[in-house]
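In what comes next, chain A is part of two complexes: it sits with chain B in the first one and with chain C in the second one.
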Partner chain A sequence: MSIEVRNISKAFGSFRALDNVSLTVPDGKLVALLGPSGSGKTTLLRIIAGLEQADSVPGKAVLFAGQDVSDRGVGERRVGFVFQHYALFRTMTVFENVAFGLRSLPRRARPPKREIAAKVNELLALVQLTGLENRRPWQLSGGQRQRVALARALAIKPSVLLLDEPFGALDANVRQDLRNWLRRLHNEIKVTSLFVTHDQEEALELADVVVIMRQGRVEQIGTPDEVFHKPASEFVLRFLGKVNLFHGRNGTGADPAAPRSNGLRLLARPHEVEISLTATAESSVQARVARILSAGPSVKILLLEADGTEHHADISHKHREELGLTEGQTAYVTPVSFHTFLDHGAAI
Partner chain B sequence: MAQGRRLASAGSDPVRWLLIGVAVLFLTVFLVLPLACVFIEALARGPAVYWRSITDSDALSAMLLTLLTAGVAVPLNLVFGLAVAWCVAKFSFSGKTLLVTLIDLPFSVSPVVAGLAFVLLFGMQGLFGPWLAAHDIRIIFAVPGIFLVTIFVTVPFVARELIPAMQAQGTDEEQAALLLGASGWRTFWRVTLPGVRWALVYGVILCNARAMGEFGAVSVVSGHIRGQTNTLPLAVEILYNEYQFAAAFSVASLLTLLGLAALVARSLAERLQRRQAALATAATLSE
Partner chain C sequence: MRLHFARASVLPGFGLTLGYSTAYMGLLVLLPLAVFPLWASRMDFGQFWQAVASPRVMASYRLTLGAALAGALANAVFGLVTAWVLTRYEFPGRRLADALVDIPFALPTAVSGIALTALYSKNGWIGRYLEAAGIQAAYTPLGVALALTFIGLPFVVRTLQPILEDLDPELEEAAGSLGAGKLRTFFRVVFPALLPALLTGFALAFARGVGEYGSVVFIAGNKPMHTEITSLLVLTKLEQYDYAGAAALALVMLILSFILLLVINILQWWSTRHFGEGA
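And then the complex of A and B:
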């Protein structure tokens, strides 16, 4: 079931959490709401769930499969919601947690006991928690709790699944495992899902579509490829990873009296710069090798210009050996490919 | 806990014994001795006198009235405490601080003053006095007055225990229940209430102890009519003032036993809770 929000604004006192946001989540897709904290992504998720009310602005609407659900209560939207800290019912067992939604149905719609038990067991098998039915939430690990929360949300056959920072409270290892698992699960059950995250790697790896938010507005919507390779703004580019800033220059820079910047900002990611021992192009800048991190698949190098500007470069181990690069040495950084923005951050 | 043990052993022996000695002395003088005295004095003239004192019809009716008062005040405060704690802990509204302060009022106002206030409201010369007299309703110097002042002085107990528990509980679980389609009523009974049940038990026990033991406020409104408006604390005072020491202490021992029973109930509740936790942990570890 597709989700569409139109003209959603929300202010908390004088703080504008959401500023006229509109977006569509296509049916069956897994979409990430990505942004720094305070960008309004969780507020948007809660408005879709019905846990918050959007400010009444003409034309505002939340639609599920084209149907306006703005007037429907929290319990009537059939939204599966996974809270950041899971919000499992701490006095109930795992089984009771997952069964809660089915047991809360009005009597005529409620399945018989045996059917509920079968359904719960099926869900627990789906989230790989068979055998833990009688545990209490505090007897589970973080990853297990997360999967109970997911099973509980799926039990009501939700029309859409909303997840608030689903991996935020987990260890790095568990996080990676669960991320892969969630992707496979989504491919299996195909329920339209929207998840909030501030981790760009998570969003890019997991989502079909990434919505990047900033200060209550949507900055860009696109596939992971699109937002990574065609960022709509400098903000998006910077948010998706480290970047190196080069100023567009007039002339070669040999004449110190000439104005150096021509108002263009060239931004290149660490893998898009080249390191050499001599200047290879007009745009090369001289910098001192401050740090070399070679414990990893590539060598990460931090370079400092004389004025303190940082540059980050990712090069292969082989290339580093060829250069014979050591810390403290002087080298040149040259952008090989880059994104160009005007000084105020707009894309060209 | 390990750290506590290390800290304790870090102190030198004399200091440790001194601290233990002070604590034991303090407890003995201020808690154990008075308590023991009550029972020793009660039984000083033999068990026969003791038995006669506590089965005396005035004593029995005082006991009955005390239990009845607690039976009225505790359930009402339970409902009120739940409602008010829920409002304060789960919602933000203007006047919240004022409400919380008001709940504490009975703690800060002397019970005698509270009693007088009710006399001024419902007494013959009071605000509603003439109207009540015209309709032949007696509140002051009658049982309803005792109920009213007892409710007043016990208002804070349940609410005070529940507010922090409910605040710690947060609203996520309740929202999760509502999202799963549960009604507000079901959410309250299945999620909110079970989550704060121990705080509730504790609050009820404290509330009950105070309801049975209240003296000042009840004394002002009761009128001390034997066999009718005497509660156990009032009966003790009357007997004592009449120099019937054995009887006074016998009745006092009953009141003390009720208080001790409340304490035992509380520690049982705590132990039960801890055992549940321990069992569950053991189950986890054995996996």
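And then the complex of A and C:
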């Protein structure tokens, strides 16, 4: 079921959490709401779920499959909501937690006991928790709790699945596993899903579509490829990873007397710069090698310009050996491909 | 041989503090308690039985336990409501209302006893309307129950408040998103989470009620067989220089309190086992 929000604004006191947001999530897609904390992504998720009411602005609407659900309460929207800290019912067993939604159905719609049990067991198998039915939430690991929360949300056959920072409270290894697992699960059940994250790697790896938010507005919507390779603004580019800033210059960086900027900002990611021992282009910048991190698939190098400007470069181990690079040495950083923005951050 | 209880600790003085607290507990708690069995042992069994099981005494047990139970039950219901309102809603005067909860605790019990009597007697602000409705509160078991409700309130409210404050609102939102209505959310999600604390508060209010004296004796009227509480009988016996009899009654009260405390502890143990600690 597709989700559409139109002209959604929300203020908490004088703080504008959301500022006229409109957005469409196509049916069956896994979409990430990505942004720094305070960008309004969780508020947007809660408004879609019906846990929060948007400010009444003419034309505001939340639509599921084209139907306006603005007036429906959270219980009537049939959303599966997975809370950041899972919100499992600690007085109930895993089984009872998952069965809660089915048992909450009005008597006419409620399936008989045996069907509920069968359904719950099927869900527990889906989230790989068979055998833990009778445990209580506090007897489970973080990853297991997360999966119980997911099974509980899926039990009501939700039209959309909303996840608030689904991996936020887990440690790195479990996180990676669960991320891959969620992707596979989504391919299997194909329910339209929207998840909130502040981890750009998670968003790019997991989502079909990434919505990047900033200060209550949508900054860019696109596939992971689009937002990574064609960032709509300097903010998006910077949010998705480290960047090196090169001012558009009138002379070579080697000449400190030349005026620094011509009003253009050239930004290159660490893998988009080249390191050499001599200046190779007009845009080359002289810098001192401050730190070399070679424990990894590539060598990460931190360079400092004389004025303290940082540059990050990712080069291959082989290339580093050829250069014979050591810490403290002077080298040149040259952008080989870059994104160009005006000084105020807008794309050209 | 040296005994080693102490675990390595950054704070020195384990031996000193252990010795101090043992001496303190012994002097302040155990020694006075040891007096009762000692005095009571001066009687033979027939005398003892006469002292603790005569019809007048049995009536006082019934009143004391019954009124304390009624008061604790009333507090379980209205204390829960009070705690709920105080933690969940912001309203002008909330902090004042919160402070007022402790009044029954802080007020000298005789003062609250006199105040309650003045309120509920025939000509009192509330008593006159009850009287008109054919209900007599002062000088009846009802009055005793009212006094015990008054003094028991802080126990329930103060035990529930921290639990309610810790109760994640997301739990209710989760229940709502799963289609549960407000009633179902309360009875299946919120109430079970509060139950252990509610039981503890109930037991504390009940225990306090069983031992209460000051606030009850004025409103009770102290008619033998009708509105005499057990604590009053202990005092009466003392005034008649029947120290052995008083000690025998006190011993029974002591055993009762002990059983109550045991029950409270079992409830707490059960609740932590059942509902776990931490998230």
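Keep this in mind: the second predicted complex is superposed on the first by the 340 of 348 C-alpha atoms of A that agree within 3 Å, B and C clash if a C-alpha of one lies under 4 Å from a C-alpha of the other, contacts with A are read in each partner's own complex, and residues count from 1 in each chain.
Simple rule for what comes next: contacts are C-beta pairs under 8 Å (C-beta built on N, C-alpha and C of every residue); 3 or more make two chains touch, one makes a residue touch a chain.
Predicted, not measured: the structure shown is a model, and the values here were computed from it.
Should chain B and chain C be called a clash or a fit once both complexes are overlaid on chain A?
On the superposed model, which is not a single observed complex, chain B and chain C clash.
Who does A:F167 touch here: chain B (first), chain C (second), both, or neither?
So A:F167 meets neither chain B nor chain C here.
Answer with first, second, both or neither: which of chain B and chain C does A:F235 touch in the superposed model?
A:F235 sits against neither chain B nor chain C.
Classify the contacts of A:F341 with the two partner chains as first (chain B alone), second (chain C alone), both, or neither.
neither
Looking at the overlay, does A:V79 come into contact with chain B only (first), chain C only (second), both, or neither?
In the superposition, A:V79 contacts both chain B and chain C.
So in the superposed three-chain picture, is A:L105 touching just chain B, just chain C, both, or none of them (first/second/both/neither)?
It touches chain B and chain C both.
Pick one for A:R135: touches chain B only (first), chain C only (second), both, or neither.
A:R135: touches chain B, not chain C.
Just which bits of chain A does chain B share with chain C as contact spots?
Common to the two interfaces on chain A: residues 49-51, 74-76, 78-81, 83, 85, 87, 89-92, 100-101, 104-105, 136, 138-139, 152-153, 155-156.
Contact residues on chain B for chain A in the complex?
Listed in rising order, the residues are 172-173, 175-183, 186, 190-191, 194-195, 197, 280-281, 283-284.
Show which residues of chain A lie in contact with chain C when the two form their complex.
Residue list for chain A touching chain C: 49-51, 73-76, 78-81, 83, 85, 87, 89-92, 100-101, 104-105, 136-139, 152-153, 155-156.
Per the contact definition, I'd like the list of chain A residues that touch chain B in the complex.
49-51, 74-76, 78-81, 83, 85, 87-92, 100-101, 104-105, 135-136, 138-139, 152-153, 155-156
Could you pull out which chain C residues touch chain A in their complex?
168, 170-171, 173-181, 184, 188-189, 192-193, 195, 274-279
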